[in-house]
Every structure is written in C-alpha cells, then in structure tokens.
C-alpha cells in the first residue's frame, strides 16, 4: 500500500520539499533503494549519494533543503527518527488494509489454551502455543508459534511474543513488550546453600519477574525471577540477544543492554544506562544513572559506578580515559 | 496449607523458642513478609529488623536465642540452610494435599509419546511435548510443555524438565535433575577436519552425554555430547543460564558454574570447583579440586589450575593476590 | 551394517595393509574401541597404543606402514580426515539399508504445514513443527520436532533443522545447512533511535538473512536479519553454540567461530578467519582473510585486523607476540 509524500509529511510532521504526489511504500538503505522506497541521510556527506540514488524520496536534515535536486525531500530536525517512524507508519497503513492472518478470536486449532485464561480483543494465539491457567493477555497481543505462557502470567496490550519463548508462571508483562524467539522469562535464579557435606541445596526461588511497558528482549535472552522478591525491567529498556539477568536485579527505564552481557544477582541499573556487549557485573553492584560501560567491561560485586554520561571500560571498570592511559603505558612497557 | 512452628521445628531439627502454635505457610524476605511467612537472619546485625517485621517467625542462629522479642524463633546452626529446607518442606506439604495437575497416567492429549517409550509411575508429560522411541523416564518426573526428548534418552526419577528443552538422542540423565527452559542437552560438539581445499568436514560427533543425580542446568544452557566418547556432568553440580559445555568435558561433583561461562572441549573440572560468570576455558585444561575462578577469568588450553580454596582471576588466570598486584602496578603506571 | 576394510579402502582412497576381509561397523576412540570399530592415529607416538587396542583396524599415516603388527591398517596422507569420512560413509551405508523413520511424504500428523508451503521429495517434517505460508524446502531436508519455519523461508536440499529452532520469515538457507536445537535465525537486529525525551524507538529491522551452503550453526546461537539490507553467512562457515551475530554482518566462507563469541552490527569477517570462544567485535570492524583471534579477544568498532595466518589476542586485540610481551612485562611489574 503506497502513500504520497504529502500524506507522509503530514503524518510525521516533516517539511515537504518537491513533488508531494510521489508515492512510496517502504524504506531502504541508499544503494539498493527503488523508486518505491524512502531513504534517509543524517550526515550531509552522504546527501549527494542519496540524491543520485533510485529512491523515491530522501528524508534529510535542514542541510538538504537548499539542494537543487529534483528528488523530493522530507526535511526533519532528526532524520533518522523520522525515517524510523515513517517505516512504522507505512507498515501500519498496510496492515490496516490487509486481512488479519487469523480470524477474530484468533486462537489456532492446535494451540492449548486453558479455559481459565482470559484473552483480550484481537489477541492472536498461533499454532502449537500453550497458554496455562488463569493467564491474562491484553488486547491485540500476539503469542507466536510454539510459545509457552505459564500459569497466572499477566500480559498487557499490543505485545509480540515470538516463537518458542517460555514465560514462567506468575510473570507480569506490560504493554507493547516485544520478546524475541527462544527468550526465557522468569526462570529460577541461581542460588544454593551449601550443607555440611559440601553439597548444594536449592535456595527458594519463589519471587517474580515484572517487565514494564515498551521493553524489548532479544532472542534466547534469559531473565530470572526474584529469589524471594522481584526482578524488574523498567519501561522502555532494550535488551539484546543472549543477555542474562540474574535474580533480584532492578533495571531502570530507557536502559540499553547489548548482546551477551550478564548481570548476576541483586544488581541495580539506574535509568538511561548503556551497557555494551559481553559486559559482566557482579552481585549487588549499582550502575548509576546515565553511565556508559564499554563492551567486555567487568564490574566487581558491590561496586558502584557513578557519573552521568561518563564512559567506563575494562575489568575492573574505570573511566575510559584512565583505562586508555593504562593500556598505553602497558603498550610502551611491552616494547622495552 | 499452613503448618505450626512446632511441626516445622521437628521436621527440620531446629530449636523452637516461643509460641509453637503459630502457623506459617511460606517464606519471604524481611521487608515484605506477612504473618504467614517465615524469614531468616544469618547475621546478627539484621536481627532487630527481622524481629520488628510482620513475619510470623524468624529462623536465626544461636545469637538470637537470648533476644527478648515475643516473636517466635527457630534456632539453627545454619539458618540459611534451615530456611531453604523450610521453604521446600512447606511446599511439599501443600503439594501432597493438592490434586495433581494432570491425572495419573499424566500424558496430555497433545503430547506425542512413542509407543516404545516407558514412563514410570506418576510421570507427567505436559502439552505439546515429544517423547521419542525407546525413551525411559523414571517415577515422578515432569516433562513440561514443548520439551523434546530424543530417542533412547534415559532419565531418572523426580526430574523436572522445563518447557522447550531439547534432549538429543541417547543422553542419560540421573535422578532429581532440573533442566530449565530452552536448555539443549547432547547437541553435536564443534569439531571439524580441514581438507586440502581448506574446507571443513565434520568430525564424527557420535559420543554421548551423561548427567548424574541432583544436577541443575540453567535456561538456554548448551551441553554437547562427546565426539567419540562421553561428556559427563557430576552429581550435584549446578550450572547457570547460558553456560556452554563443549564435547568430552568431564565435570566433577558439587561444581558451581555461573552464567555465560564457556568450556571448550575435553576439559576436566574436578570436584568442588567454583567458576564465576563469563569464564572461558581452553581445550584440555584441568581445573583441580576446590579451585575458585573469578568472573571473566580465562584459562589457556592445556593449562592446569591447582590449589584447594585458592582463588584465581584474570586472563590468563593467576592467583588473585598476584593478579591484584599487577592491576595495582598498572594503575600506578597509568598515572605517570 | 558392517563393511569390509577392502570396501572402505576403496571408498575412501586409502591404502589397505593387512587382511581386507575384516569388517567394521563404526568408529571409536582408542581405549574403548571394540573389534567392530575403526580408530585413527595422526601422530606416530600413539601408534603402539592403537595397535594394541581391540579395534578392528587402524587408520594411520605413512609412518605406520612399516609396522609389524598383524592388525589391518588403512594408510592415508590425512588420517583424521579419512577417519571422519569413514565415519560418515559407514553411517550412510547403514541408513540406505534402514527403512526411513517417517513414510515418504514425511509430514507428521501433528505438524502444522501451510497448504502454500512447497516440500521437496523426501522432506521429513517431524511432530509439532510449524511451517508457515509460502515456505520452500528442498529435497531430503529434515525439520525436526518443534521447529518453527516462518513465512517465505527458502531452504535448500539436505538440511538438518534440529528441534525448537526458530527461523524468522523471509530467511534464505542453502543446501546441507545444519542448525542445532534452539538456534534463532533472522531475528530483529538491535537498533533504536533516541527521541527528544530520551526514549528509544525501534529502527526498522526489515532486511533479511542469507545462509549459504554447508554452514553449521550451534545450539541456541542467534543470528539477526539485516536492518534494511542483509546479514550473510558464507559457504562452509561453522558457528558454535550461543554465538551472536548482529544485523548487517557479512561473514565469508570457511570461517570458524567458537562458542559464545559475539559480533555486533555491520561487521565484515573475511574468508578463512578463525575466532576463538567469547570473542567480542565492535560495529563496523573488519577481520581480514585468514586472521586468527584468540578466545576472549576484543576488537573495537571500526577497527581492521589484517594478516593471513597472524594470530591476535587480548582487548583491544593485538598480534599475539606483542600481547604476550605486554603480559610478561605486567607480570614483572606485579612482582616489584
């Protein structure tokens, strides 16, 4: 379903320069773009390339407005954001016109849904899923093929639960949460007590997991429930593939955690923190608001990292400038 | 199902101080505890807080016996262990009184169970599982929704196999083994032979995987079968989420391996070893009895780490005192 | 099904020394080998042990030809490769004689296969799989229990898709590709745009994933689709368990990536690269042809590593000799 640039400009609040009757149906990167595609340029140095491409139109910053190209432009203060929104908006326009994949009611014949589960309007439950007792699922949520939703899970509206996800009993999930294939939510934490013979007995893992609105969780990530209390993932936080979050962690809002990072137990990650990939954080550590921690960085148990906008790196993590000095000193030493 | 403190004290061998007719039904941490809950205090400095909480009773060490509180106490030489056991005991009391979720026989109508599989008494096979040919499953074991049990797998009694677990053909699993959602047991190891053209051909991965009694394996962990011989996980060993164990590894008893640690092939981990998170160990290395290795530590191929109770850290791993000296020296150097 | 050494020697192009009428049925390592088994010796120092074993015959290099043992030998310039091929050949001989597990047609009654999916001859679709609309699957491919194949996935001939694998819509897979249990192919990449309020909005993840012929992917690995363009895994590349490959990565041919390694976005890995376990590579980095990078090594964003056959190690990765000098210098410093 193609839309005119005029419509798109209005929907997204961008300024149209050029022929608004041109229509596009999707987004692309510059090189392979077709006349059906929108592309974007955030940096002036790529503008010429975009204008010479086959794209139907270019989303760009104010720097492009004066260009003499005949290609239509959508001018925005934040071209990448406008591009992301255009992609979503175009997709939504298409979906509205398309018949839904599953009839209303939306439960595939091979899904096993408990009679005590309550599904909101427009919920789609695909083939081979299991939805256990007393589950509540909000309006318009998708439970994709093969997912298992444990008893008493509560899930909000507009979520997308991809194939093979497992949600342990009692987990609470907000609105518009996306969980990619194979992720495990609410599993037992890793806690044992050693007895007199040196054998490990399981410490109770009977807490719960709460995931707030607009969280996205990557494929095969694992997030443990609390031991006695709760594990919590704050609103808008984005978690990449194969990340591990241990029991009792409290992760704030708008946190970004890249792939394969691991948080052991009882860690606090405050709002707006950015963790690179393969970061490891020890028990009871706290990463304060706005801290950034580079890939493979390590934080010792009980440690506090502070400093809004301060980048840390290394193991044990230190401010990146300090760490780079150490690396430079070591390099000199290695050459002696 | 609530139980009196008198019953609990007798069941767990704790000494009751105070009113034994008080009843509790579960466990909690101190702050949110209700009068229905048991809490515990292992360190005297938290005793006052526990005594002032709403908890029904407090499990504590001998240090609490002289307290003048009216709150009932269960005195134990190892309060955390007693607390863990109380949690399990209370849960067991409840389960005995509750009807089982599935009828005896216990195979859900949507499970696909081979006619040649043999299931012990009380085995529960949930919805959408697959149990292949000649599988043997011991008494009381749970195969949760969506798990796939390959042909000729032998599994003991009282195991809990959580949703979406895959067990490759021929794997042997002991009694009371817990495997969390999404874990993969017995997959092919990573072994190839390079031919004259530089292409990799698969080396046979036809060995097996043996998991002994009382092992727990975390969500989305992966444990490969032996190439020609076996991979073995010893009794009582606990493996956290997203851990990788390569082919031919032999892991001893009562070993603890934290999340995201990876063992490449043919490694020996002796009894009682503790590996932190994100540790990486090279082929043919040996970690001797009782060694502890800190998070993100790395061990080179063929290396042997020795020393009961000795903590190692860093890559390549060295005794932690030595490593800390190096870190300190480097920090000084970075400041010059 | 046992075969004579004469037949095996002919099939594999090895030189028979001794009694060619001896028959074997499989392969084993030396110690547990039975008279039914072939074993191999690549290094002369293990020859005596192999000759004294119970194995039916020994595959060995030219060095063994002069041995005075009465045990039959298969002499090969590359004994390990000949052994791997013998294992596969013996298995194929057996399979030919055995009835297939599933009837021709090969779709289990509990599989959910879209009427618009096209399955080649001999395709086996096991229990509880989901094969969505317009999927194409080539001749002889196996879709094992519980796998989910999204709409418009194209898959070649002779692939093995193990249980619980998820393949997102639109993914293209070549011939003879092996994907182990729980792996996720074609999931959304990790890309967001921050809005004026500091909230993250999803950048479109609408590209695709292409996996070429003869690739093997380990259990619970995750490989993201391109954001706008494609992610590509080249012919013959082998990827171990729990590896993460981010969006837009281009991995060449005959690359080996060990367990738990993570590639963030838009990385180029050229042909013949070997990455150890737990390696982490930053965005837009390039690892040039034939480079080797040791376990836990880290490469910064935009960095280029060059040098056919050169080994790198450490974070940030440097030539291993240089890195070892730094480690040695640091060790000396720590002792002062």
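Of note:
The letters A, B and C name the chains in turn, as written, and every chain counts its residues from 1.
One rule holds in what follows: a contact is a pair of C-beta atoms (placed from the backbone, for glycine too) under 8 Å apart; a residue touches a chain by one contact, two chains touch by 3 or more.
Just so you know, these numbers come straight off a predicted model, no measurement behind them.
If you draw each protein chain as a dot and join the dots that touch, every dot ends up joined to every other dot.
In this structure chain A contacts its sequence twin chain B using mostly different residue numbers, the overlap staying below half. Separating the centre of chain A from that of chain B, both taken as means of CA atoms, is a distance of 29 Å.
The multi-chain contact residues of chain C, meaning those touching 2 or more other chains, are 110, 128, 146, 164, 182, 220, 242, 260, 278, 296, 330, 333. Note for the complex: chain A touches chain B at residues 110, 112, 128, 130, 132, 146, 148, 150, 164, 166, 168, 182, 184, 187-188, 190, 192-196, 198-204, 206, 220, 222, 224, 227-229, 242, 244, 246, 260, 262, 264, 278, 280, 282, 296, 298, 315-316, 322-323, 325-326, 328-330, 333. If you check the complex, the residues on chain C that touch chain B are 26-29, 32, 78, 80-81, 83-85, 87-88, 108, 110, 126-128, 144-146, 162-164, 178, 180-182, 214, 216, 218-220, 236, 238, 240-242, 254, 256, 258-260, 272, 277-278, 295-296, 327, 330-331, 333-336.
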